[in-house]
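Both complexes below contain chain A, partnered by chain B and then by chain C.
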Partner chain A sequence: MKEKRKMTAKEKNEAIWAYAFVAPTIIGLIVLNFYPAINTFWQSFFKTGDFGKGNTFVGLANYQKAFADPEIWQSLINTIKYAIIEVPLGVVIALILAVFLNRKLKGTSLFRTIFFLPMVCAPAAVAMVWKWLYNQQFGLFNNILHTNVAWISDPKIAWISVGIIGVWSIIGYNMVLFISGLQEIPGDYYEAAEIDGATGIRQFFDITVPLLSPTTFFIVQTRVIGALTIFDLMFMVMDKTNTALTKVESAVYVFYKYTFDQGNKGYGAAIVMILVVFIMIVTVIMQRAEKKFVFYN
Partner chain B sequence: MKFKKVCALFLCAAMIGSLAACGSSGSSAPAETQAAGETEAAGEAAAPAGDASGTLTINIWDANQQAGIQEICDDWTALGNPKVQVEVINWDNYWTLLEAGASGGELADVFWMHSDYAQIYMENDILLDLTDYIAKDGIDMSIYYPDIAAIYTRSDGKIFALPKDHDTIALLYNKALFDEAGVEYPTNDWTYEDMYEAAKAITENTPDDTYGYALNTSNDQDGWYNYIYSYGGNVVNTEKTDTAIDGPEAKAAMEMVRKMLTVATPQAVVAESGTDSLFQSGKVGMITQGSWMINSFYTAENHADYAWAEIPYCDRNGDGQCQPEERQTCYNGLGWAAAANTDMPDAAASLIEYLCSEEAQVKQAELGVTMAGIPGISEAFANAFEGMDVSAFTQVETDGTLYARPGTRNSGVWQTPMKQAGGFLDAWQAPDDPEAMSAACDRVAQMIRDAIAAE
Partner chain C sequence: MESARTRARVTTAVIYIILIIMAFIMLVPFAWMILTALKTNQEAISVSPFYILPHNGWHWETFGEVWKSYNFVLLYKNTLLMIFFRVVCACLTATMAGYAFGRLNFPGKNFLFSLVLIQMMIPSTIFIIPQYLMVSKLGWLNTTAGLVFPGIVTAFGTYLLKTGYQGLPKDLEEAAGIDGCNIGQRFLRIMMPLTRSSMVSLGIFTALFAFKDLMWPMIVCSSVTTTTLAAGLAKAQGQFSSNYPQMMAAAVLAVVPMIVIYVIFQKQFVEGIATSGGKL
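Right after this comes the complex of A and B.
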């Protein structure tokens, strides 16, 4: 079907309706996502005035300042460290739970609900509860363990503590995706493997893991992006005078600080653009990796 | 396979987009959406400014004051004026929301203004110009605290807010811990040295996790600023052109702070729990606090153990007595401002004039909401808390000196960083090292000067 042909009246009519139906979403995306994205890019070349008035063009000055600012690099490192905790742990634990909860057991739906509950809670509320669990003087952890650990104030461990909250929050969501992926794997494979004498662990690594790789890839990719844009946990859990803050604050946290605390929107926009480019590079690398590691049948 | 790829890219775009949406509150459409979203997040349904039913919306950030202010507003409504709805949005969200509203157009009709932000809002004509209303209704601006009235007067003489209140700082102590350690209660004759001795004794004679005193870098207005001014230094000079925080007086004051910190709750603990929580948990013997916080201690579980004394002084001339300039308390006052684009400017101005009238401010003091923006009518405030003597807040006006909260045009640029790592926080971590504190003073002075130069 190489040659172009004109649409029939019926097809035209259908096309018009199709556009009409997608229009609300497209308009929403343009107004709420694309326009602000372009606007942010545009702003990153300006020294912004108060309340969006009186912007002055400064060229690449914001970017030069950002590249020379150790705080920005540190925040990128912090963000990556967070992702290194949240993504692998969130995926592995969720996968194990999903395999167990995919069996015919009594009360599976109850357990599924329990593991999914963190997704239903407001992130701010989750962070507040964890903040008090971690509290050095009055926190539950130190009281139960009879320790005196500064979970969120010691720069050496604070990033891990924050990462654990992220893992806890996301396990349920990942698990549900894994369960749906598991249910697509035909039972015959397992039956055949059993007849051949494969153990449960062997079945897991030779059948479940490869056949689940598309789902795993999807989760990893979306979670990496989600983890690199983390903000609320650091913002809610860490006080501004927390010593560990410089070793935990994420790139978006620094963006927020400059944009809203200090009213320097141009610089904030430049920070976000750097983060966007970084995320795009990571995404491209992952897309390449997909061809190598992901198994589609 | 294609589908997954498209899916991933699409999500990627959506996430980046949602980031950007935060960044562009300079543009009208997203800013409005954001404002609406955040108000809901704060648990307050924002009514549109001046809606059809003729209700005025008020935004404030202090939940402690909501009931009292609503009552005073209802008095105004009873005079045949529109209804008033008071909504609380916490401090951090308040300014994000107000800025989004100012950029996008949707603001509450009447709201609080603060010295940290007033100048930027006035310069950009976000606030309703009250000058003509004041002239027409014959409001005498000289009755208010001059420093507070000055905050809300633009350089061209136009007035954008009327003084709502003023606040002072006092010393709050827990009698139970003083008894336990066998230390005498604070008096109004205490110097900072006396306070140190008491803090030391409590820290030594109580369990390991209990301390005589707690201070965080973020306790500026209610904490270490007052040391600096009592010792004769300043944070920002009155012309707002320079700082003396690296001068010998301020350094002597911060040296005193450092000494206090050696017997005070460690910074890491304070940053996690906050001085107020630590105090209310009986883990800290003394803190300094502002008059706007009285209610939260008055209604606390162990309030019978709590008492207030005047903020200590520094005996600079060594005569053993307190001269007014030796006892300094930071004071600040909020302003009642209206949105320039409100649908009911006349009603908004009238409400502001009412709220700032002597009658309403006396009532405000009587209800224990806050002290007045007019000097000499806050006596009722001292008696507003039955069973708790809060006269230390009013007494200081005769025994000491009130200095305006130091600020520059865009104070946010230095006020938060100076409290963090790279500012005073490093010295707070290592209170045994006098050099660290002195070096921190030099760094903070540089921050403030850089910020002023950039304004």
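Right after this comes the complex of A and C.
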């Protein structure tokens, strides 16, 4: 400190105030987030002791077990499959709705309210309702369509059914972000296109899509990470006796099952470490893609 | 010109049709939830004939039964307390840190702020096991303190508020400095009131996130008397799984308060999500 330029009394005073202001947040982040992150990593090398006995160091055994466990691989695949339904459908439908609602039409605020409604509902309640809609015997869908589909217990389609709940739940959120992105596009672009005689669809692809790409990218990125850590829907929709469970359960669901249902925290820690590394890789790939596809003016 | 006008009219009509169909799809689960809640269980599981509307009167009393059997008074109370303390803690810590990061200079600022940014990139699942062990060691299982615990500070909120403070004009504070206010007074009297919209965004965000969270309350509050609405529903689903009207009535009771709040404060909700663009 002595070699550096000495702080004036005013600067010192400012720094003291600043430290006092950031202290709760920084201490909180260290205690509640950074220490736990390191601790989870640490615990992944231990076998959790039974009935209060101490944990035993097992080295990489938890990871070896996880990589050899087909259930873990399957859960990662299930999670990716969920994301493949939720993210593209959720984004495309929301974008179309946002473009419609951004026009000066009557009743847009009512539609916006309706589309956003699922966002303010607890996923636990949403999942209960959809489970009832999907009910094979008494559910609305099978009785209206006169079908007998096992929407959530046929392993071939259950993952799609769960994905649809995810899409339904997230459309409003994506739409609101798209609308605010659309409002930042200067109106003269469209006026110029209008004079050139470009149709609405041409305008959409030539102006809206490129100028909206930062918003789109932001939504895709947050939703991919959100989808890869999905838990509530699987937990609420899939009974433990459901025959399709192994083809639908997400990585976080499996983490929860081993950690808190079965009390094997060491193994759970290893599962969550694998998932986090996977998410980090996906994040890096997406950030590379951002430079290529996103148009910043 | 005439054809252009017709085309515009057709376009508008098509847009309305699509919007109405989508609105219908979005509302079906809500409608079915309410209609089922109003039926008797025999009606709900009747297949031929299949009833869309309640056939033998509208059974509002199911709501009352469920209110008692699911202990909704306690569920509401626990959820409200958790939301209240999380919102207060998050807004308080985030506005202070946001002010320091946005307006003050101090050694180590960039390093400390990078901690905030790093936290935002880490999936929160990785924190859960140690957080649970800490709550359990503190003896906070099945308490409001345990529910609030992970939400005392917020990296996302700090980031949001920092952006809010940075957007304020520089000379505001200088004028106050000349008047002899110290930094604490400047913050409290001048700067903090000006970031009200960011604070409202963060508050709505925190409340919505806390309300929707399922895993944390399930882990730390496993008893039905101490848990939240979301986790309470999850528990009840196992117990009352064969009585569909009761389950749907419980779902209605769990979602209605937030829907009412949303409809009243719609502008703040939508703007809060749009401006913060945060992660839920």
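Note that in this section the second predicted complex is superposed on the first by the 265 of 297 C-alpha atoms of A that agree within 3 Å, B and C clash if a C-alpha of one lies under 4 Å from a C-alpha of the other, contacts with A are read in each partner's own complex, and residues count from 1 in each chain.
Throughout what follows, a residue touches a chain if its C-beta (ideal position, glycine included) is under 8 Å from a C-beta of that chain, and two chains touch if they have at least 3 such contacts.
This is a predicted model, so every value here is computed, not measured.
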Combined model on chain A: chain C and chain B, fit or clash: clash
Chain B versus chain C as contact partner of A:Ala193, first or second or both or neither: neither
Greater residue coverage of chain A in the superposed arrangement, chain B or chain C: C
Partner chain in contact with A:Ile157 - chain B first, chain C second, else both or neither: neither
Partner chain(s) touched by A:Gln136 [first = chain B, second = chain C, both, neither]: first
Partner chain in contact with A:Leu97 - chain B first, chain C second, else both or neither: second
Which superposed partner A:Gln287 touches (first chain B, second chain C, both, neither): first
Touching partner for A:Asp261 - first (chain B), second (chain C), both, neither: first
Chain B versus chain C as contact partner of A:Val149, first or second or both or neither: neither
First (chain B), second (chain C), both or neither touched by A:Asn33: both
Touched partner set for A:Thr243, first chain B, second chain C, both or neither: first
Steric overlap of chain C with chain B in the superposed model, located at which of 203-211, 221-229 or 257-265: 221-229
On chain A, the residue positions that both chain B and chain C contact, one per complex: 29, 32-37, 39-40, 43, 124, 137-138, 218, 222, 225-226, 229, 252, 255-256, 259-260, 265, 268-269, 272, 275-276, 279, 283
Of all residues in chain A, those that touch chain C in their complex: 11, 13-15, 17-19, 21-22, 24-26, 28-30, 32-37, 39-40, 43, 93, 96-97, 100-101, 103, 105, 111-126, 128-130, 132-133, 137-138, 140, 143-144, 168, 171-173, 176-177, 179-180, 200, 218, 222, 225-226, 228-229, 231-232, 235-236, 252, 255-256, 259-260, 265, 268-269, 272-273, 275-276, 279, 283
In the complex, chain B residues that touch chain A: 1, 4-5, 7-9, 11-27, 29-30, 33, 41, 95-96, 99, 102-103, 120, 123-124, 126, 209, 216-218, 267-274, 278, 281, 283, 410, 412-413, 416, 419-421, 425, 428-429
Complex contacts: residues of chain C adjacent to chain A: 11-12, 15-16, 18-19, 22-23, 25-30, 32-33, 36, 44-47, 50, 92-94, 96-97, 99-101, 104-107, 109, 112, 115-116, 119, 121-134, 149-150, 152-155, 158, 182-184, 187, 208, 211-212, 214-215, 218-219, 229-231, 233-234, 237, 244, 247-248, 250-251, 254-255, 258-259, 261-263, 266, 269-270, 273-275, 277, 279-280
Chain B-touching residues of chain A, taken from the complex the two chains share: 29, 31-37, 39-40, 43, 48, 50-53, 55, 124, 131, 134-138, 150, 152-154, 214, 217-218, 221-222, 225-226, 229, 239-243, 245-246, 252, 255-257, 259-265, 268-269, 272, 275-276, 279-280, 283, 287, 290, 296
